[in-house]
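Each of the next two complexes has chain A plus one more chain, namely chain B in the first and chain C in the second.
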Partner chain A sequence: MLSLFILLPFFCLIAVNLPVKGARRLAFWLTASLFVLQILAVLLHPSVFWGMKEDLFANFFAINFSVNNLSLVIFLTIGIVGLVSLIIGKYTLANRPDRFHFTNLLLTALIGMNALALLTDLFSMYVFIEVTALSSFILIAVQREKTALEGAFKYLIISTIASALMLSSVALILLVSGSTSFDVVSAALKASSGSVFVKLAVALFLCGPFIKSGLVPFHGWLPDAYSAAPSAVSVLLAGIITKVSGVYVLMKLVMSVFGFTPVIRDILMFAGALSIVFGALAAIGQKDFKRMLAYSSISQVGYIIIGLGCGTKLAIAGAALHFFNHAVFKSLLFTNAAVMEQKLGTVDMDKMGGLTSRMPFTGMTSLIAFLSTAGIPPLSGFWSKLLIVVALWTSGMHGYAAIALLASVLTLAYFLSMQRRVFFGKLRPGLEAVQEAGTGLVITQVALALVILGVGLGFPFMLKTLAPLKNILW
Partner chain B sequence: MMIDLILLICLVLAAFWAVVAARMLKAVVGLALTSVIVSILMFRMNSPLAAVFELSVCAGLIPVIFITTISFTKRLSWEAYLERKKEIFSRFWYLPVILVITVVLLSRYKIAADFILPQAPAVTDVRHVLWNLRQSDLFGQIIILLIGAFGVVTLFKVKQPKDKPK
Partner chain C sequence: MTQNLLFLPIIIPLAAAIICILTPRNLRPAQAMIALAATLINLLISAALWGRQISFSAPWLGIGFEFSLRLYHFSAFIMLSVASFGFLVTLYSTVFMRDRNSLGQFYAYFLLTLSFAAGAVLADNLLVLLLFWEGLLLALFGMIIIGNKSAFKTATKAFIIVGITDLCMMTGIALTGKLAGTLTMSQINLPLGGLGSVAFILLMIGAISKGGAMPFHTWIPDAAVDAPLPFMALVPAALEKLLGIYFLTRISLDLFQLNPGSWVSVLLMTIGAVTIILAVMMALVQKDYKRLLSYHAISQVGYMILGIGTAVPAGIIGGLFHMINNALYKSCLFLTGGSVEKQAGTTNLEELGGLRSRMPVTFACFVITALAISGVPPFNGFFSRELVYDGALSRGCIFYVAAVAGSFFTAASFLKLGHAAFLGKINDKNKGVKEASFAMLFPMMVIALICVLFGLYNYLPINKLIQPVLGEARLEGHDYSGFPHNITLVLVTVIVLIGALANHIFGVKRTGAGLKAVDHIHYAPGLSQIYSMAEKRYFDPYEIGMKFAQFAARIIWRIDRAIDWVYDSLLTGAAHAFSKVIRGMHTGYYPVYIAWSILGTAAVLLFALK
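Showing the complex of A and B:
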């Protein structure tokens, strides 16, 4: 039944593009139902679905799919962020054709991301990383504005470099192992661990996800792409696309293929720490709301990478949880940005002030999201950061633990500055006519804020009950 | 071995020409030439099917699409062409330097396969590999083609305003 994660979006894509009257109108609801189904499949975890081996689709793809607890976290995150992005697109993309194109590309991106969560073959992963990346280039430029086209072009160039490096690595690995399947490659790399070819292949492949995740020093494309894209696409990029095609691919490869060698650990720890500090420092100086969120994403992805680099079970559990948490609170913050862009026509923080009085829901939910980003208890971000810091400390990496802690203070600083400039204080003259977002966007913001609060308050309970979380501490 | 070496040097030169050519048409010729040389190398390495694909798609179809697109553009004036040449030189002057340094460095170190060679694949029939073993990749290719079609519609299709009734 696992192939349904790929086949259902494909059938949905075909259905909404049929030359039948009314097919286009169904696009939103069909896609929304797909995301809801995906969320329910993970949360309710019906054994009928996950346990079935022999069925109509079992042998559709001749490749073995596999799921573990990390894949479940990824499916859940894709479901939530995809649904949020779809709803924002419905309310913020002005033209009906743009909305339809957006839905189509969202479905192709969904196929790519779901496949990445299931595959255990290096070359197939490369193909579906390309599927996801190609969808994102067009999604960024979906409204054909000049800045968006520029952002998409930058992303295209940098992403192509990443793809070329990964493809070269796959070729070298094929030379060494004779196959691209995870099991065979892993065994071959272990057998020839001292080989220069193997080291080169691993280094080349690692560069790909580093670029795709926007880790420092490969982050140049990320702020432009996030800030130039329509808000619905920014949610998707920050929440899930860069994470699945970059961070998750990195996690999967390090855990299942390359292994935690001392060199890989050092590289991950250093890149993670550098991203945490650089992203937080760069976010402080921004006046564009979405650009600030983009730099904040670089910093938060750094936490996931440092957790992965630490390599202990606790650290990886923390990294996986922060993957989910970051997707949720960053989606909420980008939804706030979408509301402000729609109601004020700008995301320049210098042109805002005292907006809580006019937009109480947006103000309150943004406060919850930023407190969670900074790791303030008892919100969801606190738990994941706590797990990462404790894991670093208990592994003897006190310096990195200190960096992770201190960077949280920096996070608090730039978000407090944002709150003061945008939401707190007296209403800025000229903004008296500004109104709260429509019902659809308010419900989305409140729902995401409730997820942050719920995961934070019920974290110990969820570890025992929810399928994706209960065995995460392996 | 000597022929392969000559072909590889020609390959690098053709690729270099594709990057630094001031006129787009010349760049496309450089690209097509690169693909032709890659095809010859593939033939020599006993991979005729890959060579045929490379020759027909990368050296044939893609340059045709590029040339069709270029035919819709305006030719650069002589002054603009000289200006562009200068700009390209200032931007890419270091490429030949890097190339020479790489060749010198590689010639100093003898690169040998320092890994355990894998067993030869059990299945060598390309049709079997493509249709029976790599179905997920073929499916991915179909999705990429669909994305390309959506991309063209999304980015290039401009809705014409309807004629007002007289």
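Showing the complex of A and C:
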């Protein structure tokens, strides 16, 4: 019953909006349990659930769902990041109606993203990209602040371009193949691979996810949106929304529909490398904590894309792992940002200093998260970057491998300067009254830090034993 | 069982050294007693081992090396000498060092030196030899460092000089092992020439620098002032000569076939001759008892190297005989210097004088050993010198002239030293000086006695100790003991000695003081400038090397700063500049972002459709 991934959030959405007393109060717990269920479904992998082939919903709408190991990674990431976002929202969104709207929109986005992980039809994918995007526009501006509205507006405008591009591409493809289902399209594209028409359609479609995932030079909207949104939403945007509707869609399409043609590989690797370097360089001089994280996201997405572009099994495994790792450490960093926003009322790094003494958990966990981002062993980020770099090197892309490696130094540079300005050293005068975050947020931070440590330390073990990782290389 | 006896001369001092260093400070007399007992036992064992032939060998390090020791005639002879000096100097130290600091360390290094020296002499494998040889360097460093305040600098100097030459020796050992296919000394017999000569010279550098020949000598005069005196009497005066010349003899006679015709032999003789002349010239003008002696310690090793370098039997026997003679009188001279230092409180010759009546026994020992070192018959130094002269003359007149000139200056400088320290008017400060205690006098008297004995009965050392080293085949039936055969050489020697005495009387007449007896040489035109440059250490290879090292270090530092600038300023500056440009591009004005997206799309389309 794969359609449960879509149906459960849908029913949940209806349930919390029923005009029954107490339904709204249940919203948080219901949604949280939904995310937990999703995480457990992946981790425990109950065969009763995954083995049930008969799917009434899918049959009714005559659509095909398919799940592979990559989808499992996506489900897991969605579950974890969604849960984190929900918890942050509960603690940091001051206004109760806002919180309720936030939960509703989160559920909508969840429907969209889960569907994207399941679908095997171009047009349906387009529809659910839109579902996800629409909910995220509103999420950014959920508190109706001016900067957030501006960020949401930019995202909306530029996303529209993406929609237009993708929709035109779908139209072109429909002309060529007569269907939008993956199998048919894939076969048709292969049959007429030389045609300018097909090339045009593929190139147009690629640009859509590029915009969605914020690759350079399609990234203009991203820093504004990330930094203007409430931290709970930033987590969501950085961790899953842009990643699923952009990066994952790209991975899925390239792997199962378009195929690794040399042109696509060149475009992907070039865009990836450009994003890595540009994102990291731009992050270096930022004053705003969240804005720096946004540029860091651009840089890290570059790693995933460059791994995808390389196209070997090892590279794709590395890309999938980095997808997961990035979601975890970026969620942790945004949680740190949420704590600071809440406790200091600002995310301007020039107004901070020596905060580790006041907020030891936040300081330590952000240290772990940034070391993982920079790819310092034995944290999780090291392994995924290692896989990507090794894969690039062994497939002869020495230049790209070097860029990927050297950019880690830049990552280290901007995060070290962040740590120095925010957490290390003497406490800045005026910050004596700052307190550590509440228990809920501390637990979230520590749990995420433990995931980073656990994946990092356990990786050599996982590499040998964990089926999804071994079999990601389908 | 007898094989294990070989380990005793190594282990007993080693164990005593460990005990000394672990003994608490308040048990200081115990330290001296332990050291004395250990050296006495060591001496008895060495005496008991005399005349035996024992070999020991066991696999070592698990990579095909043998830990092999070999006691035979030559090594037993050196070991016995080492043990004797060790015991006598320890006895002397019990009084001399009584009130010094770091006594535990002093005895520990002292005993370690004895242990390693025994190991180096007994070693029959070049690697084992190297192990003990390097151990000696450590003990040497420790020994100097416990001296006075400037000792650290001197210790570093000694460490670097000896360390570099040991490195040469290490390379030489590797090369020898490669050429011979084995590191067992008793199995190596290589011809000179090509790589063989290179290996020989590398090993020779190790040997003569241990002996203190030029140009590896410059730490010795500094150490003479800084290090504890018994160390000087034992190590540079006696032990290092014994070891260095022992090893030089081994490589010249056993490991390689040094023959009179080879250029290596000429090289050795040149080093010897230059060392004799330059060091004795420096000794001549010194104004410190110990420093003057230390230059003689360098000069005398020149005779030994010259003698062995001649590669003719007379020269080699002379060199070896001179080795043991020098060890005797030089350590005794240092001990007399120690007595003076202990009793009068200084070794500065300008503050000394007229001590003859106050310290008669010390003076007597000084006179005997000074006569011996100057080569006056019938003391031991005379006979060994004559043999060296004999060998040198057979190889070239120039070497003989250098050796005889050295003799002239040696005599002159000891006349000056004796006159300045013991004769003349007594300094007011020294009116209350008394003779040293018996424990200090006894070693001096014993050594002075042996000097006389080895002179009058020179067949004893030459026949029993030295000639067997060369073997019957080399001697060709000759016997080199007894009075020198070449009467002409003896006459020349006597004339030179009389000349030295005349020179001294002339100098004293001219200036009126014993200390200034050689001023006419010191301030002679041309020489005085060279002397003042030498005093400023312009000729010290260590100082030159250090200057070069500092120069190189400055250049490397500049390069390092440049590299640092590339990382610290250039790269980060570039990153920040790029960052600024990129940040400037993000104006927040959304049409710009739209334009980027459209341009990006256009680029993708162009690339895909090309």
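The criterion applied here is as follows: the second predicted complex is superposed on the first by the 459 of 474 C-alpha atoms of A that agree within 3 Å, B and C clash if a C-alpha of one lies under 4 Å from a C-alpha of the other, contacts with A are read in each partner's own complex, and residues count from 1 in each chain.
Note that a contact is a pair of C-beta atoms (placed from the backbone, for glycine too) under 8 Å apart; a residue touches a chain by one contact, two chains touch by 3 or more.
This structure is a prediction, so every number in the text was calculated from the model and none was measured.
In the superposition on chain A, A:Phe459 makes contact with neither chain B nor chain C.
Applying the stated contact rule after C-alpha superposition, one finds that A:Gly285 touches chain C and leaves chain B untouched.
When both complexes are overlaid on chain A, the residue A:Tyr400 reaches neither chain B nor chain C.
By the document's definition of touching, of the two partners only chain B reaches A:Val142; chain C does not.
Shared-chain residue A:Ser179: touches chain B; no touch with chain C. Within the superposed three-chain model, A:Ile157 lies in touch with chain C and out of touch with chain B [touch as defined at top]. With both structures placed on the common chain, the touch criterion links A:Val263 to chain C but leaves chain B unconnected. Shared-chain residue A:Leu200: touches chain C; no touch with chain B. Judged by the touch definition given at the top, the superposed model places A:Phe334 against neither chain B nor chain C.
In the superposed model, more residues of chain A are touched by B than by the other of chain B and chain C. When both complexes are aligned on chain A by C-alpha atoms, chain A residues 196 touch chain B in the first and chain C in the second.
Note for the complex: chain B touches chain A at residues 111, 113-116, 118-121, 132-137, 139-141, 143-144, 146-148, 150-151, 153-155, 159. Against chain B, the residues of chain A that register as touching in their complex are 6, 10, 13, 60-63, 97-98, 101, 104-105, 108, 111-112, 115, 119, 121, 123-124, 127-128, 130-131, 134-135, 137-138, 141-142, 144, 175-179, 188, 191-192, 194-198. Put simply, chain A touches chain C in their complex at residues 153-154, 157-158, 161, 165, 196, 199-200, 202-204, 206-207, 210-211, 217-218, 220-221, 223-224, 263, 266-267, 278, 281-286, 410, 413.
Against chain A, the residues of chain C that register as touching in their complex are 572, 575-576, 578-580, 582-583, 586, 588, 590, 592-594, 596-601, 604-605, 607-609.
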